[in-house]
Amino acid sequence: MKINKFAKLGTVVALSSVFLVACGSKSSSTASKQVLNWNESAELPTMDLSTATDVVSFDTLNNTNEGLYRLGKDSKIEPGIATKTQVSNDGMKYTFTLRKNSKWSNGQKVTAKDFVYSWQRTVNPKTSSQYAYLFSGIANADDIMNGKKAVSTLGIKAEGNYKLVVTLDKKLPYFKLLMGFPVFFPQNEKAVKEYGSKYGTASKYMVYNGPFELTKWTGSNLSWTLKKNSDYWDKKNVKLSAINFKVNKSTTTSYNLYQSGKLDETNLSAEQAKQLSNSKQLVTRKGASTFYLQYNQTKKEYQNANIRKAISLVIDRKQFVNKVLGDGSTVAKGLASTGLAKLNGTDFADAASVKSAVATNRAEAKKLWAKGLKELGVTSLDIQLLSDDTDKAKDSTAFVQSQIEENLSGAKVSVSNVPFKTRLARSVSGDFGIVISGWGADFSDPISFLDLFTSDNSQNNGKWKNTEYDKLIEASKTTDAANTTKRWNDLVKAQKILLNDQGISPLYQQATATLVKSKVKGVIYNAAGVNYNFKDTYIAK
Amino acid sequence: MEEKIKLNPDSFEALPKAEELDNEKIAAPSLTFVQDAWRRLKMNKGAFISLWIIVLMLIVAFGSSFFIDHDSLVKSAPNYANLPAKIPGVPINGFNGKLKVAGEWVDEYKQNNISSDKYFVLGTDYLGRSLAERIIYGTKVSLIVALVATFFDLTIGVAYGIISGWKGGRVDNVMQRIIEIISSVPSLVIVVLMLLVLKPGMTSIIAAIAISSWTTMARMIRAETLQLKSQEYVLAARSLGESAPKIAWKHLVPNLSSIIIIQTMYTIPTAIFFEAFLSFIGIGISAPETSLGVLLNDGQKNFQFLPYQMWYPAIVLCVLMIAFNLLGDGLRDAFDPKTRR
Amino acid sequence: MAERILDVKNLEINFHTYAGDVKAIRDVSFHLDKGETLAIVGESGSGKSVTTKSLMGLLANNAEVVGGSVMYHGQDILKKSEKEMQNIRGKDIAMIFQDPMTSLDPTMKIGQQIAEPLMKHKKMEKKKAWAQALDILKLVGIVDPEKRINEYPHQFSGGMRQRIVIAIALVCYPEILIADEPTTALDVTIQAQILDLMKELQSKIETSIIFITHDLGVVAGMANRVAVMYAGKIVEYGTVDEIFYNPQHPYTWGLLNSMPTLSSTLLEAIPGTPPDLLDPPKGDAFAARSTYAMKIDVEQEPPFFKVSDTHYAATWLLHPDAPKVTPPTEIIRRQKLFAEMSVNKSVKA
Amino acid sequence: MRKYLLKRVFYMVLTLFLVATITFFLMKLMPGTPYSNQEKMTPQQIQIMNEQYGLNKPIWLQYLIYLGGMLHGDLGTSFQYSNQPVSYLISSRIGASAQLGLQAMIFGVVIGIIIGSFAAINRNTWIDTLCTILSIIGKSVPNFVLAVLLQFYIALKLGWFPIADWGGFSYTVLPTIALGVGPLAETARFIRTGMVDVLNSDYIELARAKGLTKFGIVYHHALRNSLIPLVTLIGPYTVALMTGSMVIENIFSIPGIGEQFVKSITTNDYPTIMGVTMLFSAGLVVVILLTDIVYGIIDPRIRLSGNGD
């Protein structure tokens, strides 16, 4: 009851404040209260965009710095430093005109040279950027990363201070999306040189050109503050005066804080989400990440398609997402996540879905299982199930284990939940039977997923191989790259092949349940790449 | 002096010898050391009750092996997920299938359309598995971890202590340095490091706890052995040419037994705590096996909504720890000759 | 007649234990005159220490005074509150304990330990109390007291520590000094020194002493009167000479017989062990160990029979109807000496 | 005395050296790599990165380099925070942990002494029983369970103290209690037993014979004598507080070492794991040495017998 009343009141106030803001007259009356208290579940490891690898770093970089574009709602491109973009007819050359009123927090102007410097620094093997692979496609990037060419040969040139020219090796249909990802942001050479090894290790060892400036971050503490950047070119549209971030690793703690009003947002554990499923403040952040079973096809039992299909058919995914996870995660339709890309109003996930690949049919499963065992000439099978040691991963393994053991006679599942990096290492070395892992898109394009399972991809730990699949993916990057429909069809076909053969068994598309106070408006969340953009956020009241 | 007492003429006859001897018997029953300890333990109500609680828990936990096996652990029934306790014929809120949701008692069984003849005595967990079953199984696992780890602690610690104390001199010096080094790293850190290297699981936890926790036992045994070594009966045995292992077994171990028993009683709750702690920080027992620590960890995540999921395992864990601690105290008092009256 | 400062009447003390009530003190009466030394002698467990602790109000928690009175300056000490007792302890009645190794606080300078009673009872300032502590240290024969007053107990030998314990007891010049086996834990050579010291101090400080011991040899030189205790009762009391040379109770005979003398080379132990006081025997508690036991000894408790004005003994042997028995030869020898002594005395008189 | 100290310090260094060695090689046995995006990196990049972290060198050389660095207080660079020296990570977080630990120790010891002596003075009465029950419960309830309960009931429901975070004194109250209850229970039990022993000793009887008041006896004699052995418990307490901080800091979101340690375990951050392990060991070894010295200073029996062995 109470919640309802407040919620209504909230909307009214929100509407009126939107009105006021729209008029562009008064924002000072709300300015004093424009402080957001945000929960983080992990520390901020670095502010060096070349070496960042984690969500928190990228999110923070996205709000304190700015590249050519910003990613707005639904991954729409919004203006950043680039005021004008020209693409050559063959799509291999981009010319950006930069705004002249963007400034670093050390007083220097943001120029095209900063981009050149930043990109070269990232692809330089010496920097050992773990995200440099995203540069693949930009002229000479791959060769530079492999140490075959000099850094200066990278396909980026500054023509004067405010004109930037980028040349590509191959067409990148998603190139503009990439520009919203912090790895492609500019870096101030003076700052990098001046701070040396301390660059990006504390808020004072970093310069900013985005809507906010990072403060109170010592490099290892559990709280920091984003303060409105008074030098930001679009500062009049930035409404928040500060965002206080607080790391709480226990969702129990963060929920307690949220309830007591110390936080305006908290992420929820699956159990909390289940209990709060009726709350008006519950916001489910749908991720662009899919979790799936990956079979180790260097082992003969998993080379058997019947075994793989039987295992897939036995899992009741609906029950899993609703009853076990209960955090808004949905049954995966395929590999690429829903909402990632659309063509003519059709979502890629729908277009490329294979119903039987994610269905439950236990009778069929038992038949296939028996058949598979016969083909293998065994009566029982020990299955090593590997996954992370997060709560969700533990729930997943427990559920999958129970589904397999209950329904497939002769199956004996042993589970190991290990830390993320250990899991990665074991995946890479092939020390697993089935691994439950997930992949999140770096940018909003199916290729971000489908690339994983080409036979030569280093991340194809299960070593699933399909020549036609490889060909289709290759075609989408080369011959069909320019033709949107053809490229689309290639990718749809490829995913169907993958699913029909159960190269992987998709489980669910991840969502994160969060609680957000209803007074918080205008939070932009994107599933792929960087998640949060607070530029337009404000507190209604 | 006036005599108010009647004196018989034969009163002053000398006493026959037999009667004399009769008077020499000692009125209080003579008790052996163990009997005396047992009597004293029985006098200590807390310790005695604890003993029975532990026995009961052992019986329930290990007796359950016939009913609760791997299959019932693995089996999930998400339809029944997160139901509160419902005991037939108990109309008390909290035990009748009702749960306090936003300040009001709601019948979760009804809400989830569960047939009215379905009962979960302690409710269910997030996968719809009976919490009672899991707690019993978890208790068993916790006890196994504790008992096996304690067994190693005991054998390593006692043997090490006796050897170190018996040999003395340089051997003792070196052995004590080794103990010093081991105990200069917090044992929990050792356990954590061991678990990182070993594959997670019960065996690793037992091994890790066993490796790190025997030093206290070894120290105490050594100190006592040093004292016993110079006792006459040990010297006598030595001078009669008995072999060292024989002396250790026949003379030292029996005399060390009270220390060993008491120390064991304290090691067990420590091991239980270690296991719970490891599971709590997420490197303990892995699914589908469960333990009190795992249940506690699962429960605390949801404490605001389903407090019973933490309370029940917490109560069982605390009762277990209290029982072992009280029994340990009781045994210490019972065996300690200083408090013998 | 000397002033009677302490009068114990029919004292009965029980200890509550798991097995039942131990009747540790059974109907004990004695008195103490000003300036005299009364020795209470008996085997361990005979109730000597319990008796004296009851005088100090220092009985253990499970002890209960069942009956009797302890009159001190006309007041019954047993009826006094803890608070009132605190003002008597250390000031009027002081005590020396058996084991000097454990009766000093290991963590406190001895100066402070001696000064404590002064600060408590005489309300002295610390400085003054320490000055007086220094004096008493000199008195008890500590060498270099100025230095040693600042030392800790473990830096002293056993004999020195006992001197300190004595110093603590005497620092307030108490009226009664209870010495509970003060020399038992010491070497024989030190024993003599301590005993001499006590005698010397008694004359200086004019205190009455209740001297508890199991060692009759020590008594001879120290005490004016002796009470022999057995199984929670006093079985015989009299002057030193009466006890030593005209003992009447078979237990006293046994004690004397087991004591080395110049003339006898053969020592005889008393056979058997003391009775269990949980269930004390009905008659004479010593009957079971006595070679002179009679039927009546196991039936009825003997009353005190008067031997002289100062000498009483509780044994049926003194009953007029009792057969005359022959005591051990050593006792006969002593009684002979006693007879000679009394003749001499009367001659002198 | 000086010789004894030198000997002790020598053994201390030796111990730390061995701990460092063992931890180092244990870490080398651990599965996994420090990189979270290994598959996406080119061999060239991985090679350069291995060079940066010194992972391409033979293990014995890595070991020597590690030891060499440690002598200069250099514990390497964290794997989870890029370019962040482990020594900085530790030093920036040690304050909170130390404050919390110290407060918990003081809280536990002081309250424990009060409860324990109260129980001993009133032994075998209901007060004693109550104190014993309380201390048994305190010893038996795991601190992380207590922390969750305190946070929920005291902080959230009653609102007496902040729920989490690290700010002023009020923020430290609940974590201090959660962390200090273990030492409190231990102290109470220890003091009770010790004081019962002391109260039964001859010198207390002598003190009573002096006519001292009950308070005087307890304060001047009993407490002093039962407190001295308590010093020996400070070592074990330090251990308990170090390890306890791992979960307590997590639950109360306190930027401390324990919290960092757990994080580095789950992220394979070997340099940090090693660094914290070394810190814990060094802390413990120093505390043990200090308690031995302090014990010698406050106990006259050891102080004046010279070597204190």
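Here the chain labels run A, B, C and D in written order, and each chain numbers its own residues starting at 1.
Convention: contacts are C-beta pairs under 8 Å (C-beta built on N, C-alpha and C of every residue); 3 or more make two chains touch, one makes a residue touch a chain.
All of these numbers come straight from a predicted model, not from anything done at the bench.
K.L.:
Measuring from the mean of all protein Cα atoms shown, which chain centre lies nearest?
P.N.:
Of all chains shown, the one whose C-alpha centre lies nearest the global C-alpha mean is D.
K.L.:
Using the touch rule from the top, point out the two chains with the most contacting C-beta pairs.
P.N.:
So the pair of chains linked by the most contacts is A-D.
K.L.:
Could you tell me the distance, in whole angstrom, between the mean C-alpha positions of subunit B and subunit D?
P.N.:
Comparing mean C-alpha positions, subunit D is 25 Å from subunit B.
K.L.:
Using mean C-alpha positions as chain centres, tell me how far subunit A is from subunit D in Å, no decimals.
P.N.:
Those two chain centres are 40 Å apart.
K.L.:
As a quick test, compute the distance in whole Å between the mean CA positions of subunit A and subunit C.
P.N.:
Subunit A and subunit C have C-alpha centres separated by 93 Å.
K.L.:
Using mean CA coordinates as chain centres, what's the subunit B-subunit C distance in Å?
P.N.:
Chain centres of subunit B and subunit C, defined by C-alpha means, are spaced 50 Å apart.
K.L.:
At least two partner chains per residue is the criterion; list those residues in subunit D.
P.N.:
30, 148, 152, 250, 265-266
K.L.:
Could you list which residues of subunit A touch at least two other chains?
P.N.:
250, 252, 256, 259, 389, 418 - these are the residues of subunit A that touch more than one other chain.
K.L.:
Do you know which subunit B residues sit against two or more other chains?
P.N.:
In subunit B, residues 282-283, 300, 303-304 touch at least two other chains, as defined above.
K.L.:
Contact residues on subunit D for subunit C in the complex?
P.N.:
Result: residues 124, 201-203, 205-214, 216, 220-221, 224-225, 228, 299-301, 304-305 of subunit D touch subunit C.
K.L.:
How about subunit D: which of its residues touch subunit B in the complex?
P.N.:
Of all residues in subunit D, those touching subunit B are 11, 14-16, 18-19, 23, 26, 29-30, 136-137, 139-142, 144-145, 148, 152, 197, 239, 242-243, 246-247, 250, 261-262, 265-266, 273, 277, 280-281, 284-285, 288.
K.L.:
Could you please specify the touching residues of subunit B with respect to subunit D in the complex?
P.N.:
Residue list for subunit B touching subunit D: 177, 180-181, 184-189, 192-194, 196-197, 269, 273, 276-277, 280-283, 296, 300, 303-304, 310, 314, 317-318, 321-322, 325-326, 329, 338.
K.L.:
For the complex, which residues does subunit B have touching subunit A?
P.N.:
Against subunit A, the touching part of subunit B is residues 71, 74-76, 78-79, 81-82, 126-128, 199-200, 282-283, 286-288, 300-306.
K.L.:
Quick one: in the complex, what on subunit A touches subunit D?
P.N.:
43, 45-46, 48, 51-54, 125-126, 128-133, 142, 145-147, 197-201, 218-223, 246-250, 252-253, 256-257, 259-260, 262, 389, 418-422, 424-426, 428, 457-459
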